[in-house]
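Each of the next two complexes has subunit A plus one other chain: subunit B in the first, subunit C in the second.
Presenting the complex of A and B:
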């Protein structure tokens, strides 16, 4: 019996995981969410910015990590627009260009934010680190026009925003190593405040930067989105997703415990 | 038309998930389609948002409006074009020059900033809590955290220090380093599981609500 269970077909595990996701999706169950300190730090930082402050959001993710980072982007955008903060959006990756444009437009429409006055979406420029360094001297030298090809000098909001001196916070929503670039080149060189919202895979490697205050806050994957939604009291996809995720986590923990028990029993028998 | 797009997305999602059963032509079709579209999209965007505004437009403006300063753009354009020398075996050596410039500029930019961001500030962050302990600014939990972090840094670095044989005291410290590494890997694994499950949840949500839900709603009866 034990041998049969230890050699279980992996496709049965896949089916169990699929069921653990599909059934709660229909049941619409919700679990309480506790806000972690790194997410609260981003919220507090944005909440304490003066009304005319500017937040630069980098949508550095593609379709493969959309599920984790878009709910986060939507929650922070809602917070910024409701507070009347100005938002500049951009991406360092070609995959993120359309995704950033879509989310910023959707949330602007929902909150009544006006393009060119409350937000500007600059789109994509190749070069990555050169883009970060170029914006330190002049944003217009890197982005001559916005995503819709409108020259920056014709956009009212950008009249007062020339470089990092006029940006109060950079929030990097990332599925790759871009937070390290922002920290290395923008924080170190220009003393720019940086926050990051990243996929679950990356979050562990960024905690050291949080401890040294090179990051003002850090949002971990879908959990970060759910926490931020709780802070702004607007439960959306992040909250719904985390409730479903709790079921899968319970299943995985049960499978890990079962696998270990079975492993030790078998080893004892072999001895 | 929107529903047609949803059906295409649903079909491709199911094609990708069919790999969980075993490799099959549907999976390979969706995988190749994804790669082709991604690369094509990336190239077009790089031309539209990089090559045209930063190379072609200034150069053309310099030529048509007779602005000699704009012709300076010819220098980086020429350096960039040198990369294509690789395609002609006889002149492939030319590629060394753009590479030398790229590595030289890249290293010059990276080394001081990376040293500062990833070494000096991290060292500072590890030691500052001890100054705060000395000044009596930290509580018991924070003092414990600072000491634990210090032990973790020393033990983990010792594990990666191969100039001395890992025996005796050094061996003991490196074993403590392994414990810290395992905790780190465990945390990374847990977060990775969370990330992967999030992707599955989003796809299931799409299939259940956007695909099946919208299709049922669009039915005439």
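Presenting the complex of A and C:
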């Protein structure tokens, strides 16, 4: 019996995971969210920026991590637009170009932000680190036009924004090692303030930069999105997703505990 | 000659960029900016090379009837369809966006979502407290997993009369202390390795990037 339980067919586990996702989705259960300090630091930093400040958002993620990072992007964009901050969007990855364009357009439409006055979406340029370094001298030398191919010199908002000197915060929404590039090449060299929102599996890698203040804040995966939504009092996809994720985590924890109990019983019997 | 020229270029550009990083003089900064502009131009050529390499690899697979060679046709179909729509009509054309949102996004998201199922199954089978170190890892993982979702605090606050939000507080402590210190050690180790490897490449001691293995 014990042996059968320990070697349970993996398809049964797959069905349990599917049920842990499907049932809470339909029941729409929600739990109170405790905001962690690294997420609060980003919120506070953005909230304290002067009204004419500029936030650069890098949508460095693809469809595979869309579920975790897009709710973050939407929450921060809502906060920025409601505060009247100017937003520049870009991506260092080709997959992120359409995703960034869609989310920035959707939130701008919702909040009444105007393209070219309140925000500019620059899209993608190949080069990654070279793009970051190039923007230190001149944004226009890297992105001569926005995503809709309108030259930057014809965009009113960009008249006063030439390089990192005119950007108050960079928020990197990343599913890869791009936060480390921003820290190495723009924080260290240009003293640019950097914040990051990353997938859950990457969070632990960035804590050393948080302690050294090379990152002003850090949003951890879908939890970070839910925390930010709580801070701006606008529960959306992040909050809904956390309820589902709660049940899946509970299931995995239960499976691990159950597996270990069975393991210890078998070991005792063998001894 | 085929080796000397790339080695010389690597040495010159490596040295110039390294010095320019530490010199605020307008001349060195001008040179630095010029080299960055050059490298921005080189990148699109690298993309062309990547596409050529992809086409070559899959063409060979089809010719040799390698395992699952039929799927290589799908690579070509996907590439041709996106290029035929994307190049003449542009990246914001509804058809291009539709293909991206209704083909690539669901496929990528599905592949990534499978991880949840695999992780659950693997955790059940392999995550065992066999040794003291494994037990520590297991305890830390369980605390972080429970502290990372709001249901952890919810259950704790309902059942235990003391230590409000203890699961999320414990998770944060693990990330702020043991995780941070070990990560810093790893970062320092990697950085020292990168510095020494970079010096070897600039000085031409490490030549494997040229191909040939020596």
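The rule is short, and it goes like this: the second predicted complex is superposed on the first by the 271 of 271 C-alpha atoms of A that agree within 3 Å, B and C clash if a C-alpha of one lies under 4 Å from a C-alpha of the other, contacts with A are read in each partner's own complex, and residues count from 1 in each chain.
Please note the rule applied: a contact is a pair of C-beta atoms (placed from the backbone, for glycine too) under 8 Å apart; a residue touches a chain by one contact, two chains touch by 3 or more.
Remember, predicted model here, so these are calculated numbers, not experimental data.
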Contacts for A:220 in the overlay, against subunit B (first) and subunit C (second): which applies, first, second, both or neither? both
When the two structures are overlaid on chain A, which partner does A:211 contact: first (subunit B), second (subunit C), both, or neither? both
Between subunit B and subunit C, whom does A:183 touch in the aligned arrangement: first, second, both, or neither? first
Does the superposition put A:36 against subunit B (first), subunit C (second), both, or neither? second
Scan A:192 for contacts with subunit B and subunit C and give back first, second, both or neither. neither
Touching A:255, do we find subunit B (first), subunit C (second), both, or neither? second
Is A:17 touching anything from subunit B or subunit C once the two structures are fitted on A? First, second, both or neither. both
Is A:25 in contact with subunit B, with subunit C, with both, or with neither (first, second, both, neither)? first
Going by the contact rule set out at the top, does A:241 touch subunit B (first), subunit C (second), both, or neither? first
Just to be sure I follow: which residues of subunit A are touched by subunit B in one complex and then by subunit C in the other one? 14, 17-18, 21, 62, 64-67, 95, 97, 123, 125-127, 133, 189, 200, 203-205, 208, 211, 220-221, 223, 245, 248-249, 252
So in the complex, the part of subunit A that touches subunit C is made up of which residues? 8, 10, 13-14, 16-18, 21, 31-34, 36-37, 62-67, 95, 97-98, 101-102, 123, 125-127, 130-131, 133-134, 137, 141-142, 147-149, 189, 200, 203-205, 207-208, 211, 220-221, 223, 226, 242-243, 245-253, 255-260, 263-264
Within their complex, subunit B touches subunit A through residues 20-21, 38, 41-42, 45-46, 49-50, 53, 109-110, 113-114, 116-118, 121-122, 124-125, 149, 184, 187-188, 191-205, 208
Under the touch definition given earlier, write down the residues of subunit C that touch subunit A in their complex. 21, 33, 36-37, 39-40, 43-44, 46-47, 90-92, 97, 100-101, 104-109, 111-112, 116-117, 119-121, 123-125, 127-129, 138, 141-142, 145-146, 148-154, 165, 168, 172, 175-176, 179-180, 183-184, 187
Given the complex, residues on subunit A that touch subunit B span 11, 14, 17-18, 21-22, 25-26, 62, 64-68, 94-95, 97, 123-127, 129, 133, 144-145, 180, 183-185, 187-189, 199-205, 208, 211-214, 220-223, 237, 240-241, 244-245, 248-249, 252
